[in-house]
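Across the two complexes that follow, subunit A remains constant while its partner is subunit B and subsequently subunit C.
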Partner chain A sequence: MSLSPARFLLVLLGLAAALAPLWVLESFHLFQLTMAVIMALAVLGLNIVTGYNGQISLGHGAFFAIGAYVTSILMAQADWSFYATLPFAAAICGMVGYAVGLPALRLGGLYLALVTFSLAVAVPQLLKHKALEAWTGGVQGLFLMKPDPPRWLTSVLPLNADQYMYLNVLIVSGICFLLAWNLIRGRIGRALMATRDHPTAAEAMGMDIAALKTGAFAVSAMITGIAGALSAVAVEFVAPDSFTFLLSITFFVGMVVGGVASILGSLFGGLFVLFVPNIAESISRAAPGVIYGMILIIFLFVLPEGFAGLVRRILTRLTSRRN
Partner chain B sequence: MPLLEVRDIVVRFGGVTAVAGVSFDVAEGQICGLIGPNGAGKTTLFNVISGIYRPNEGSVRFDGHITTNEPRHRMAPLGLGRTFQNLALFKSMTVRENILAGAHSAGRAGFLANALRLPHARAEDRAARQRAAELLALLQLEAVADLPVIDLPFGTQKRVEMARALISRPKLLLLDEPAGGLNHGEVDELATLFQHVRQSFKLGILLVEHHMSLVMRVSDKVVALDFGKKIADGTPDEVRSSPEVIRAYLGDGHGDAAHAA
Partner chain C sequence: MEAFLLQLTAGIATGGIYASVALAIVMIYQATHHVNFAQGEMATLSTFIALTMIQAGLPYWMAFAGTLVVSFVMGALVERLIMRPVQHAPILTHVGVYIGMLLIIGNLTGWVFGYTIQMFPSPFEGGRPMLGGLFSAHQLGSVAVTLAVLILVYLFFTKTSLGLAMRAAAYNPRSARLVGIRVDVMLALGWGLAAAIGSVAGMMVAPIVFLDPNMMLGILLYAFAGALLGGIDNPPGAVMGGFLVGILENLAGAYIVGTDLKLTVALVIIIGVLVLKPSGLFGRVVFTRV
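So, the complex of A and B:
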């Protein structure tokens, strides 16, 4: 990829905007932003399978939970370092995602939504189960510690643990977004969308729908699972009740609000689902849910294609003016 | 050995026999017209050849392989390309992306290679984009290349489908009513295009078309169907003067063949 000067400038600006909060925000707000980026990553995962590949999942909270628990168990019970746990969390979520993708081949649309829904409902109960209690800590959950920044880093850049966590989340998420971007722009991304748009024509182009759909599920679960792993460390605690069915719906809302089948939209969706409920709460302490619902309805009424649709419209306006 | 051998194909839908024992061959580099009144079974036969339907009886051999039981997605890599009668484009994509999607079978790079943009994935992508640019020029789609395909007129969308099928360099191209919705001048251009494509892509074409003068002009041989049965098979002249063909078309109230004859 050759970087034009304009694009290079855009990348620099993006980097600056991403790093500035390290020094601008105090601890609590930096933590919130950290969680928003994590939500964005989870939404990105959902977008791969539901947005780009058209397989509706109402159960991505389950992959988030599994990722969170794999990292927590390895860190709390086996003393692993945070970074060492990530590949394991990703691999296990990828395998579970693949396994869920298999029955998904036979179930279309709403049935698949129901199957994934039941997964989201089942996982928190499994996590509480007696048989797993020795690892998962049962209802009590597990406590863990944010990693401290290594000395070589603090000698150059004085960071506290919160700032270091934000930086880690930024790096891991940044890499995932970049890889997803590459995937979507290439041969496989086109095939995922083609399969969603017209399966018969996709097969006539030589696309192996079964392989694509299960692959999409695996990648999607992997990304959302990594987000879960990050969240466990950022929060320094996991418990079954952190991963209710509502979490899956939150990801879904983030995807729709940000823009179905949009990488950039996933980022916006993550910010939205984290900050807008807070805004709603500041407007009405008595009924924040009502306010949140109203903001959501107004937003989707004004921007039916989500945030990404707005960006797309502005871009087409700009390019058509140039021509 | 012919490129395509269709043998005794029977397809039934419940009580309806859509194709009732049809056999014919298409040779390498040949343009073969497939004609017949509405409901004769042409599209059904296309769907059998391209692996979308499994026939109740009979077999298809393509380029030396028995393909009757191949999975659908194995047909494109074997060298079979097709278009659809009622357009089957990828509606969320631009013209260029649709054509690039057609290059899928020419590529190998999987999830990991794409995500990491490994050298072979990039090389594949570059080659596909190069061929897409050539096809955009050949089919006069350059002006609309980066527009959403869904906003374009029917005739243009048909050309996009043809480009999407051609980009994988098929050995045999199945075209289901490519002249549908075109005016007279455009049909003439299409005839020229077929000759050009056959020459430069070195492929055979199996052409379903109601536009009889087009079929008779470009085809090396013509197969005629009626009620799922083959009623004629030969040069355009032979088929045009076949009494069965004339009867099928007159009986159908379709004047075109009689007119062409």
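So, the complex of A and C:
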């Protein structure tokens, strides 16, 4: 990619905007922003398999839960450091995603949505099960500690644990977003979209549909699992009832509102699902659900390409007028 | 042995509930070739409406009939106002709209009627346990109601010209339109019928599990499992599937996995059927031309 001065400036501005909250926001709001970035990462994972590859998943909360639990168990029961658990969480989620992707090969759109939906509903029950209680802590869940910033860093930058967590989440998510962007704009990304739009033609062109679809599931589960791992540490607590089917639906709503098949849209989606329910909750306990549902339907009717599509439309209008 | 028989009969009774929700799902599938994720929430809302009518002093069967009418109108309106505009949109849009309806209807129900768990009356109360104490009066009654609904649906689809028109509209909309069937009216009718059948299921299950806004979530999954097991395009098959899933769930819960993994049984059945025999036990095998 050639880095034109304008682009370079844009990247710098983006970096500054991402880092500024470290000093501008107080603890609670910084925590919220941390969670928004984590949500964006989870939505990105879902977007790869559902948006780019067209396999509808309503069960990504399951991968989020697995990532969160792998990290929590390793940290709380085996005293691992947070960083060491991340590759494990990613690898295990990737494998589970691959395993889920195998039966998914035989199922078309609606049925896959149905199966993943039932997976999402069954997750809390599985996590509570007695056979796993020694590891998962059962209904009580597990408590963790945020990592403290290392001394070499605090001597240069005075950060507290919350600020350090935000920085960690930012770096991990940034890497994942870059990798996903790189994957999507390359050969594999085009193959994923071809499989979605016209499987027969894609197969005739020599693409291995089965490998692409299961691979997409694995990568997608991996990314969402990493988001889950980050969230467990940021919240410092995991319990089965944090991973109900509503979590999976939240990711789905975030993807549709942010923009289906859009990397940047995932970011919008993460911000949306974190901040809109908070605002709506002040009206009534039921309000977030009702507002979610309405916004979801309105977007599907009026703006099916999501918020990212709106931004794209405005940008093209502006640039075309200039020419 | 007696414990086993009790589990079996309890399975048949809950199976009757799954069977009627499965029947509603298959109805929608017959009319639109889609599976409505919000079916359970619509049924719960109908049940709350029935409760309101009963609390207002209407006799049970009056409220029952009133609920059927209200649910039918609700289902037809949903089709007209929400599903019609996205009729030709991709599947992702449909799934999104179903999820949106699930959220809206489920939470509105909670908002209007509250989240406290409520008792719901059974029309078959007061009778002694029957058949040697294996069935309670309500269990027997709800199975009878399910079977009655099934027979009515079967007669409707096979013996009336309206039923024939509905099947034609779903099977081949274009040809159906050419012979003068109003396909869009048939779609709305299908949604209305499905909502009405779902409300029957809600009113039959509420005395057993008690009424609250999330009552139907687990039931919906079992019903999906039943519909798939019996064959998604086959109403009698779906009813059989519903009963089978009820029995399997109870026996598995009692003897194999324990009650805390019952939902997982539904998941295993769904995946098992879809992977091993996607057309279900009684369904037609459909060949698609590529």
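Basically, the second predicted complex is superposed on the first by the 295 of 323 C-alpha atoms of A that agree within 3 Å, B and C clash if a C-alpha of one lies under 4 Å from a C-alpha of the other, contacts with A are read in each partner's own complex, and residues count from 1 in each chain.
Assume contacts are C-beta pairs under 8 Å (C-beta built on N, C-alpha and C of every residue); 3 or more make two chains touch, one makes a residue touch a chain.
These numbers come from a predicted model, not from an experiment.
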Subunit B versus subunit C as contact partner of A:215, first or second or both or neither: first
First, second, both or neither for A:252, with subunit B first and subunit C second: second
Which of subunit B and subunit C A:95 touches, first, second, both or neither: neither
First (subunit B), second (subunit C), both or neither touched by A:132: neither
First, second, both or neither for A:264, with subunit B first and subunit C second: neither
Of subunit C and subunit B, partner touching more subunit A residues: C
Touched partner set for A:183, first subunit B, second subunit C, both or neither: first
Which superposed partner A:200 touches (first subunit B, second subunit C, both, neither): both
First (subunit B), second (subunit C), both or neither touched by A:110: second
Which superposed partner A:25 touches (first subunit B, second subunit C, both, neither): neither
Interface residues of subunit A shared between complexes with subunit B and subunit C: 200
Touching residues on subunit A, where the partner in the complex is subunit C: 50, 54, 56, 58, 103, 106-107, 109-111, 113-115, 117-119, 121-122, 125-126, 128-130, 200, 245, 249, 252-253, 256, 260, 284-290, 292-294, 296-297, 300-301, 304
Footprint of subunit A on subunit C - complex, ascending: 34-35, 37, 82, 85-86, 89, 91-97, 99-104, 106-108, 110-111, 115, 217-218, 221, 224-225, 258, 260-264, 266-267, 270-271, 274-275, 278, 290
Subunit B residues touching subunit A - in the complex, by the definition given at the top: 50-52, 71-77, 82, 84, 88-93, 97, 100-105, 107, 109-111, 114-117, 121, 124-125, 128, 164, 168
List of subunit A residues in touch with subunit B within their complex: 1, 179-180, 182-183, 186-191, 193-194, 196-198, 200-209, 215, 219, 261
